[in-house]
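Think of it as A, B, C and D in the order they're written, each chain with its own count starting at 1.
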Amino acid sequence: MNNKLRLGILGGGGDSLIGVLHRVASSMFDQYQIIGGCFNPNPKENKEFADSIGLNPNRVYDTFEIMIEEEMKLPQNERIQVVSVLTPNFLHYPMAKKLLENGFHVICEKPLTTTHADALELQKIQKEKQTAFAVTYTYTGYPIVRQMKEMIRKGVLGKIQKTDMQYYQGWINPIIHDKSLRNSIWRLDPKKAGISSCIGDIGTHAYHMLEYLTGMKVKQVLSDLNHLYSDNELDIDGTVLVRFSDYSKGVIRASQIATGEENGLTVAIYGDKGGFRWEQENPNFLKYFTNDKPLQILKPGHPYLSEFSLQDTKLPPGHPEGIFDSMGNIYNGVARKIKGIDNFEGAFPTLEEGVRGMKFIEKVVESNAKGNIWLSL
Amino acid sequence: MNNKLRLGILGGGGDSLIGVLHRVASSMFDQYQIIGGCFNPNPKENKEFADSIGLNPNRVYDTFEIMIEEEMKLPQNERIQVVSVLTPNFLHYPMAKKLLENGFHVICEKPLTTTHADALELQKIQKEKQTAFAVTYTYTGYPIVRQMKEMIRKGVLGKIQKTDMQYYQGWINPIIHDKSLRNSIWRLDPKKAGISSCIGDIGTHAYHMLEYLTGMKVKQVLSDLNHLYSDNELDIDGTVLVRFSDYSKGVIRASQIATGEENGLTVAIYGDKGGFRWEQENPNFLKYFTNDKPLQILKPGHPYLSEFSLQDTKLPPGHPEGIFDSMGNIYNGVARKIKGIDNFEGAFPTLEEGVRGMKFIEKVVESNAKGNIWLSL
Amino acid sequence: MNNKLRLGILGGGGDSLIGVLHRVASSMFDQYQIIGGCFNPNPKENKEFADSIGLNPNRVYDTFEIMIEEEMKLPQNERIQVVSVLTPNFLHYPMAKKLLENGFHVICEKPLTTTHADALELQKIQKEKQTAFAVTYTYTGYPIVRQMKEMIRKGVLGKIQKTDMQYYQGWINPIIHDKSLRNSIWRLDPKKAGISSCIGDIGTHAYHMLEYLTGMKVKQVLSDLNHLYSDNELDIDGTVLVRFSDYSKGVIRASQIATGEENGLTVAIYGDKGGFRWEQENPNFLKYFTNDKPLQILKPGHPYLSEFSLQDTKLPPGHPEGIFDSMGNIYNGVARKIKGIDNFEGAFPTLEEGVRGMKFIEKVVESNAKGNIWLSL
Amino acid sequence: MNNKLRLGILGGGGDSLIGVLHRVASSMFDQYQIIGGCFNPNPKENKEFADSIGLNPNRVYDTFEIMIEEEMKLPQNERIQVVSVLTPNFLHYPMAKKLLENGFHVICEKPLTTTHADALELQKIQKEKQTAFAVTYTYTGYPIVRQMKEMIRKGVLGKIQKTDMQYYQGWINPIIHDKSLRNSIWRLDPKKAGISSCIGDIGTHAYHMLEYLTGMKVKQVLSDLNHLYSDNELDIDGTVLVRFSDYSKGVIRASQIATGEENGLTVAIYGDKGGFRWEQENPNFLKYFTNDKPLQILKPGHPYLSEFSLQDTKLPPGHPEGIFDSMGNIYNGVARKIKGIDNFEGAFPTLEEGVRGMKFIEKVVESNAKGNIWLSL
């Protein structure tokens, strides 16, 4: 029997983009074999999709509950080992909970849950079960992001004194100014999207990246959010002041009304010895600043990079990594964890990180609602 | 007699960089002839410097008071018409005041004064005297900055909903972490530098650029500043939340501890129809975004640009404009104003703009001191 | 039974980078299922590798001849349909020949063969058998490359008057100046590498891209190659003048001694209506020039792009495509061809294109050897 | 009397762009005072223009012959010392000749003359007279260009093995395809423009930059030029293969039909230790490559740069230099030469460099006419 991990998938059927992303990512290091799952709530479409991607129909299930029940009946060396949860947000919690309770490893799309309380509950179960659990903050998988993390960890930037994260998109601009559109889109409906649009969807990525890279925890936040229209219940833009300490301060800027911006996640981090700037849309170029030497541009695949960064670079320098590679590296991290292969700290975003993400969203919304005041995280 | 304006200069002697900048700028459009001034408080050095730049010694004066007195004795058609004030900040007010009172046109380096009250006083006198008065917010002179202003004015971006200005430098980083250095540098001494370092020196540029480009006035500010060390009395980093209205919000980010950054003034402005991004260090490239068309890069000198932008572009496309050109365009604007040539709104930063800059600095420092609260501007 | 194509692979076992690239690419559109193959000439390593990627050992063969023999015994609806040839160059020809003769579809790494004569032989067989045959000029798969091809085809650039292709690498620089290294590396040994190093390995990519994008055929070449040292038998740098006609001329520049360059394939094409510039290392940004409008930057995934480009973009704008995506799109093109799904011209590089590539290499080397004279292609 | 050099100017009156460029450049380091000249063949316009730039009418002359005659009558310490020649190309030779014969220092626009023979004649006279003589290959004055020259001179790149210069413009594209336009423009009339358009106007800049930076002399050229239409007598596009030796080869690419390009002069130079890439339109960023370290970006004004580069940088890092600065630095170099101040090799382009430029143009045109053969330079 081969040593690939047996992977199940919940959601991601049909034309789902996120489904493609996870399937390709799972294939990148030959670590996983997709075995089955439940891709679609419609049983017929579920079967058809599973067939189209070449799965054995016996392992395709009508519901996630049935999947868990049936898989548990199989001998351990046949049973699905890891399950990717790609369903709408409100389903993450019940699915992840039941998977954890039955000892499955989980790879869960973000946001982890719809409330911080639910997230804490998952964390509690996982601590008991000791399974692997990844939350797919996708952008952390780029080789250059991993290089930043390692260099900061090793002190190359010195003590961090200033951080500035941006996540600017413009996609909601054509929608927000049209009353009927903005009142009908699910992303702006609190019942479906939760308490936040911009911060919940993308601000949380920027926040996670900030803590991921610096290895520090934000202590306090003060936010100023924008809804543009009074009949729009959710934020679509916001600036969050953050403090790691009195010494080290920062800002997180997020927007869905930055007209024309595509997916503008950017990083700027400065320590007393050096600084970094990086842009997700140009992910293979890292600007590294110092006080007195020329600006350096670090690119993936070179021997001058850290082992962590090189581990997940698959081709020689000059062969661009893309977003699939980034997610592939997260899958690789999870596989290495499960297989007990030596792994780097930060190889995949953990459940704890997902939990903090939920807390961040709640506190940012609260700070704004209370008149832009500081709240502890 | 030729039709060049007779220019006097206060300060800017010796190796002064700002002196070079203003002299070259004054030459760019053949609009000024430097006649005399007082370049140095040391009379001998003053004379020597004046000689080195080819001035008639009769028009070189030991003090600005003597200069004004003597020039007033000359017939109007020989008298210095415009005076550039390039002295240390605390001298701007007394010099500009006396110049205004005697009817000279003034080009004054920023910050206009050391207090908002002094600035208001100057404004009062200038309103009586009706002289031209420019405050050299240098970066507004770039052809591409003028293009942005014109396009926003004409509604190309639509209603402005989101603004984000950055001014990041790293020069103080090697100083701030050394106790003796930070306690001895004049830029961090409130007696010499005023109430703010970072906001006063560069944040004010970003603020001015914001109002200059959008044509809107900031209503409220909430700031979070950083001193890093308790024995450092002035801010060296800060983020300022700004509001034009409940609808239109923004952020101004400034730092002198962004290690390795040089002179990173950047603009991001988004309206409901389009957006701009621009970087001062790469001043000949403007990114113009829309909802549905490819990103466009506008460059100086093309017929597709506005007349205002083209007026101040001296060579064909592809011949880079630099910082001298930017200042040169401000001088050109002042000259056209004095000569009564049709001019564009925004051809040079006015005294009113300098006054607002002083108010901004005071309110930002106050907001931070009071615990990061909103203050009206 | 699912509708995935049954894929066999020859070569690419162990740590082979090209193996990873092809496996991931085959997974990207859920069009292929890897069934078996022969990955390694060592039978034990072959089996182990096949097991590690989860293959049924019954479909893993000791040699390609055995694979073909055994697969031909299987019923058509179980038999491998497509075979990827990833072995060393000199094996391409015998493998592809036998595969073609037995009616398999082939995806072959470049260079197609080691001589133009062999390539012509393959072409002859394929014409009889009417199988799909792709030569993996990988870089043609980027969405933006496909966009360029479509725009040129539709006449957006007008009549092409000027072309300039670059492929600069620096990897051989640390080797070439060391006599023992340059005399021992297989890439510079004519017995193993054929008649050319630089032109054969990368110049041919640039040449292919040129004809791929423009849809025109080069008529004549004049080359100047560089060996640097007299004991180095193969070119490591070269410039090739090319002519499509007396009207339309161009240049192809390739180097392996462009110290510090990584994988610098770039495109510059100008017609009487517009021009393009593109860089492989930054593959998601296309510069589109016209006479009188601002420079435009086209990026993948936008509705303003052609259907051909959009078909192979898997995620929304701002999610960077990388080299895996590019190869994935070529695999997708082959799959659509085999399945008879409507396909775009240029969906994958054909055998004819591989044949022309071989001729190009031979003529360029000959032009240089004869004293830099024009030769017809 | 001040120590500014007394500058005369021939040509450059009215709206002449080149006139503005030279006047501003002369002012940049306070080294010159414009005294007089002859700006326009029309005496009335000549006087009016001179007045508009503030000159003493006594020093404004109807012809250059009169200027020389009258100035020679003045005592040496009042006489014009340096003359800038900005007239149409065919006037460079007679003017420069007479100026040299009378002992004036000359700053001459390029091309130096209309034939190589004339250029040699000037060189002969200048050797006798020992005056300073600069040919304004403007782009050599950028601080970063000077940095490249110094680093190559010091061996930072090692032995140069590969060079690639580009000068792409698109301005002639809208003209060349219109028969009446292309038959009427003076730039394509051999009687007015000489034997070449593209090579003569811009190819020569690229060639000069190549020798300027490397300090090496091109030994042989082989060219392929394009006229596009048979009724167009002059080249508007061309590629030139160049050889410094059998070891070190290169290419010069120039075009006026690179549709949409503005002023795309670029440099790529590779030695056995490192490489450079630089773009004139982005003149403050130098890419410096090595075999094994991250790409470095050098920017003007930093202490890590050479003294030569820093001498001509007027403001701190991050204040962009533009084309005026570049020309200003050439003027500074000439002034330091005349004043006998220690100067750097390459501070301004010499007469010898202008002479070589003329030879280059002639040989390139000849190589093309003779069927693209190698010719010695």
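Observations on the structure shown:
What we mean here is this: a residue touches a chain if its C-beta (ideal position, glycine included) is under 8 Å from a C-beta of that chain, and two chains touch if they have at least 3 such contacts.
Everything quoted here is computed from the prediction, not taken from an experiment.
Comparing chain pairs B-D and A-D by the number of C-beta pairs in contact, the larger count belongs to B-D. Among the other chains, the CA centroid farthest from that of chain C is the one of B. Inter-chain centre distance (chain A to chain B, centres taken as mean C-alpha positions): 43 Å. Chain D has its Cα centroid 55 Å from the Cα centroid of chain A.
One inter-chain figure worth recording: chain B and chain D are separated by 34 Å, centre to centre, where each centre is the mean of the chain's CA atoms.
Along chain C, residues 261, 292, 295, 299 each make contact with two or more other chains. Chain contact topology: the protein chains form a complete graph, every chain touching every other one. The residues of chain B lying in touch with chain C in their complex are 288, 292-299, 302-304. Residues 2-4, 17, 20-21, 23-24, 27-28, 30, 33, 51-55, 169, 171, 261-264, 280-284, 299, 314-325, 328 of chain C are the ones that touch chain A when the two sit in their complex. On the side of chain D, the complex with chain C involves touching residues 157, 161-162, 164, 168, 170, 173-174, 177, 222, 224, 226, 228, 237, 239, 241, 247, 249, 251, 253, 255, 257-261, 268, 270-275, 289-292, 295, 372, 374.
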